[in-house]
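In the two complexes below, subunit A is the common chain; its partner is subunit B in one and subunit C in the other.
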Partner chain A sequence: MIALALNFAFCCFGLALLFNLYRVIRAPVLTDRVLALDTMVINMIALLVLFGIKLGSGMNFEAALLFAMTGFVSTVAYCKFMLRGDIIE
Partner chain B sequence: MASGVVAGKQGHSALTGLAFAPDKGRARTTGQPAATRTTAHNQNGNRPGMSLALIAALPFLGALLPGLMIRAGRTACAVSTGAVTALALLLLGLNAPAVLRGEVVQTRIEWLPQLGLNANFMLDGLGLLFAGLILGIGLLIILYARFYLAKADPMGQFYTYLMLFQGAMLGIVLSDNILLLLVFWELTSLSSFLLIGYWKHLPEGRQGARMALTVTGAGGLALIGGMLILGNIAGSYDLSVILTQKVAIQSSDWYLPALLLILLGCFTKSAQFPFHFWLPHAMAAPTPVSAYLHSATMVKAGLFLMARLWPVLAGTPEWFYIVATTGLVTMLLGAKIALFKHDLKALLAFSTVSQLGLITMLLGFGTKAAATVAVFHIINHATFKAALFMTAGIVDHEAHTRDIRRLGGLRVLMPVTFAIATLAALSMAGIPPLNGFLSKELMLEEAAHTVWWQNPWLVGVLATIGALFSVAYSFRFVAHVFLGPMRDDYPHRPHDPGFGLWAAPALLAGLVVLIGLAPMATAAWLVDAAAGAVTGAAVEVKISHWHGLEPAALWMSLAAIGGGLMLLGLFAPLSRLWEGTPRPEAKRIFDGLVEPLATLSRRITDALHDGAVTRYFAIATLAILAAGVWAFVSGTHQQGDHALTPVALVPAAGWALLMVTTCAIVALHRQRLLVLILVGVVGLMVSVGFAYLSAPDLALTQISVEVATVILLLLALNYLPKTTPAESGGARRLRDGVIATLAGLGAGGLIYALMTRDFAFDTIAAYHLANAKTEGGGTNVVNVILVDFRGYDTFGEITVLGIAALVIYALTESILRPGPANDRLRLWKAESQDAGDRHPLMLVVATRLILPLAIMVGVFIFLRGHNLPGGGFIAGLVVAIALVMQYMASGFEWTAARQKIDYHALIASGVLVAAATGIGAWFNGLPFMTSAYGYVTLWPLETFELATAALFDLGVFLTVLGAVMLSLASLSRIALRAGETVNLAPYDIDPAAGRTVKEEAR
Partner chain C sequence: MPLIAEIAISVLLVVAGLFGLVGSYGLLRLPDAMTRLHAPTKATTVGVGGVLLASMLYFAVNGSVSWHELLIALFLFLTAPITANLVAKAHMHREMSQGELPDSDTGRVWATFERPGAPIAPVLTSAAPVESAKS
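For the complex of A and B:
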């Protein structure tokens, strides 16, 4: 059962990644692309966790943790850049 | 052909007074069985002496002194320089007794034994003679230069160049390894370039220096080829071995190419015809340089090498015809030109060319007697030529001209200079009883006995003519400068200089007389030792003034003196004739040759190296591609036998992400911010790919690096155009696209081929896996590789990282200082719309919360890094990101005020900690960077491991943290200068007070 659920989840997040990709490549404004990249990071974290469950190893959770902790920093930086130009004022 | 070489030399020694004792097998002074130098190398007579390396190193060390000592005054500068030279001379003197006993002093230091390149030095008679000349005359030159150089000349620079040159020359004459000798050989070319071009404001000086460097440098290249061939034939690059291989070398097919290349090197260096033209142009140098280069060094290097290799190269018809003929032609040509030169130094320069030709000719005869005379004349020439140059310098110094036509009658005004110059010039002319007479007569005797192409008298007659011209120009030097009526139109009324200036030439003139009067006591022992080293047989020379009336040399000498005087008497009409005949102008020919070559090379360079990075990439990629295709087509290969793994859905999606994003980057690369976002996608994919492919360390590192990179690039992008202008046309883009596609397909194919088959060799991974725990004390192999197996690399890398950060800091600093870059920065206007808060409250609060968490994660990752994924590098990046978040949230100034640790200090302490850990291994008696570990139980904790590697990792952590922070901080400081305001509070709106916080303009 868990294998089936995992596979379903993998499919969903894989599909989500492709949608993110579409939004990164084609988007009305730059903000959409940044948000798509941010969502991509979140999807990646999910995939890493799922992958960890599949392998039964805790190693990937740490990677996921680090992604979560640092992934948003670049999003903030992009936003600050778009809003104000200088990211460290 | 061979018949012409029989120089008829074995049985006539009664005439010249030279006696050889090869069959006696006994050295003169001690009676020790050290008959030949070559065998002496294998006997117990060899003395190890570390001092040789020190002698060669001393001038280089001493070269550092003048630059410092010049601050203490010119005399202090000269004294300190002289002291170093004197010390080297003293060390040489300590070795002299052993060498004179027939021993060979050696110092062997392994440098790159795999290449046959070792810092091996040896000192035999020949080396002693030359080293003595280099240091002895060097000392006199230092004294002379102290008083010669004007106040405006940078004296510290001069002495530094001089010492560099002296060291290079000493290296040549003391080297036992020919590769080492080549290194010193090139060093003499370079340092003489600096010396000749010392007066940088004179175009002649610069051009002369360039010409000297071109000619001697080109010869040096040929010499490298010749020496490598020679070493290959002999099977060793050690001179002491090569010198024992005469038969093997002379019977080798490669003998002639080696000989030609080596002679090319020697002839260019020693200004032999047709390469003699650079020497007169080098006269633009200050006179002390000319005196040094022409008497004891530089041009003697070629002679030295010919003498050094004489035992293995000489004695063949090829050697005789090439060397002796070149020497003879050079001697005649140089002497003829010297007579008609009006510039004092040009006259002396061509006389040097002529005298060098004489010595080359003697070496070329290939007989032991002739080689001995050559050695004797090297000593004599060094003494009188150095003295002559110095007196010419004095005349120039005092009368402010070197033009002989404007001089004359100086004997009354400058009696001391006149006396010195006359003694030296008479010696050069070969007038008894001075030392020049002794060696010149011996030379004429040798020439008279030499058969050239079955012609028994040709060499003798030509040598006499050469001597005749040398008498003429020597007398002209005295007669037209010092004799004659006193004039009243000197550019400056001359008088004798102070003692300091004439002391050195006077000493040399004294030597000229001493050697001339008592050659057996003053010079014979040195000639014996040196000639013994050259010829490989014990030499016992007997030099005397009178050999009776029979020898041809006496009549040749008399003819030369008589003819020379007649020639001088006819100087005026002859000179008019000389001026009237057209001559090839060496400089014009040289420029005519060099100019097109320079144009050609410039054209080739410009074609390949036009400043466009795309072109470099295209050329490099095409070359690699061609090599790959060639290897693929010329080799044999089969289908790989590894089965392909099935493609899962998610990795396929990831692959699609990479491919699409990469293509999009190519298509959209002109929009810089967009590309940065797309690169973020690629970075994300690569990080996750690492995690998916079981490389958690790399995944952690990559994601941290991505974040730091984005921040850095955004900081820089703020001041850069947001779009890249289109610069290339469609055709070029198509070309680049095709090249890139081909290279990409090639790389992909190569990786495919590698992964579908077994590796040809075992990978190193197995070793690392097996030894990580036992040797490095950690189970995380990646970390153990970083801090232990390849700890040295990591040490280098963190050093480079630290340097890079400091460079970023320095560059920013230079922008922030007043200057053109700063002006542009002030004019810069932010193009973005200033929307929203500068320091949003939400962001400030979030980052404050994350800071302790992030630091804890960093510490955790650091501590467990040795056994599980993590380590100092990742920890450093994580902490750096946490700190940068504070900067982003509350602004630079506010955060910097609360940041107590200096980032420079952080970098320095990181590198120092890593270095100290590495050095710590020495105290355990282990090599640098060997790690140690042990287990500690500390209540109430469990038993844990302590490894020195962790300390090293701490160094990595500190350096990475410091470097990232310093570069980010440097870049963000630019904004301040651009006129931004500074906040005093952490956020813009204080909700408690319900008002906007004030800002301060800066």
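For the complex of A and C:
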């Protein structure tokens, strides 16, 4: 039963990643692209944790944590650049 | 693995997957940028939160309790509002004009539209005028 639910969740997050990719490529305003990239990182974290459950190993959590941190910093950098034209003033 | 744990993990995974999908679908379908900001926040909270909870439960039942998931969840829940706030500010700065926004309630314009190089003064947000120290 867990294997079935796991596959379902894999499909859902994979489809969500495709939606986000479409939004990155075609977006009405620039902030949507940044938001879509941020959501992509979040979906990637979910996929990594699901992969950890599938393999039964705790190795993936460090990768997920690093993804979370770099994703947050990159989104803040993008937004700061759009707001100020510079990242570190 | 006991059946009840298996059911709980499966339900958590299915709910998390559905919310992740709905969050990203909302990013495609909602009409304007500020409402589109709303959808992925749900994907973060319930989607990733559910997956992390399922993972914690799975590893706890299998005998090795891991605290990494809690760390990831804490970090994501702390950073998601900051990200959303910054994206909203960037959108205000780039796409909106003074007339479209409500009054800032501080007697000044929104910080985004302030003249560059204007002197920085403390903003008093209380409605009642504050007595100055001199009088």
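Here is the rule we go by: the second predicted complex is superposed on the first by the 89 of 89 C-alpha atoms of A that agree within 3 Å, B and C clash if a C-alpha of one lies under 4 Å from a C-alpha of the other, contacts with A are read in each partner's own complex, and residues count from 1 in each chain.
Definition applied: contacts are C-beta pairs under 8 Å (C-beta built on N, C-alpha and C of every residue); 3 or more make two chains touch, one makes a residue touch a chain.
If you're wondering where the values come from, they're calculated on a predicted model, not measured in any experiment.
Engineer: Is A:L6 touching the first partner subunit B, the second partner subunit C, both, or neither of them?
Structural biologist: After superposing on A, A:L6 lies in contact with subunit C but is clear of subunit B.
Engineer: Is A:V24 touching the first partner subunit B, the second partner subunit C, both, or neither of them?
Structural biologist: In the superposition, A:V24 contacts subunit B only.
Engineer: By the touch definition at the top of the document, which applies to A:L65: first (subunit B), second (subunit C), both, or neither?
Structural biologist: A:L65: touches subunit B and subunit C.
Engineer: Thinking of the overlay built on chain A, is A:A46 touched by subunit B (first), by subunit C (second), by both, or by neither?
Structural biologist: A:A46 contacts subunit C only, not subunit B.
Engineer: Give me the intersection of subunit A's contacts with subunit B and its contacts with subunit C, in residue numbers.
Structural biologist: 10-11, 13, 15, 17, 30, 34, 62, 65, 69, 76, 78, 80, 82-83
Engineer: Given the complex with subunit B, which residues does subunit A contribute to the contact?
Structural biologist: 10-11, 13-15, 17-18, 21, 24-25, 30, 33-34, 37, 40-41, 44, 47-48, 51, 59-60, 62-63, 65-67, 69-71, 73-74, 76-78, 80-89
Engineer: Considering the complex alone, what residue numbers of subunit A touch subunit C?
Structural biologist: 1-2, 4-6, 8-13, 15-17, 19-20, 22-23, 28-32, 34-36, 38-39, 42-43, 45-46, 49-50, 52-53, 56, 58, 61-62, 64-65, 68-69, 72, 75-76, 78-80, 82-83
Engineer: Contact residues on subunit B for subunit A in the complex?
Structural biologist: 649-650, 652-654, 656-657, 660-661, 664, 673-674, 677-678, 680-681, 684, 687-688, 691-692, 696, 699-700, 703-704, 706-707, 710-711, 714-715, 717-718, 830-836, 838-839, 843, 850, 853-854, 857, 868-869, 878, 881, 884-885, 887-888, 891-892, 968, 972, 975, 980, 983
Engineer: Subunit A touches which residues of subunit C in the complex?
Structural biologist: 6-7, 9-11, 13-14, 16-18, 20-21, 23-25, 27-28, 33, 36-37, 40, 43-44, 47-48, 51-52, 54-55, 58-59, 62, 64, 66, 68-69, 71-72, 75-76, 79, 82-83, 86-87, 89-91, 93-95, 112
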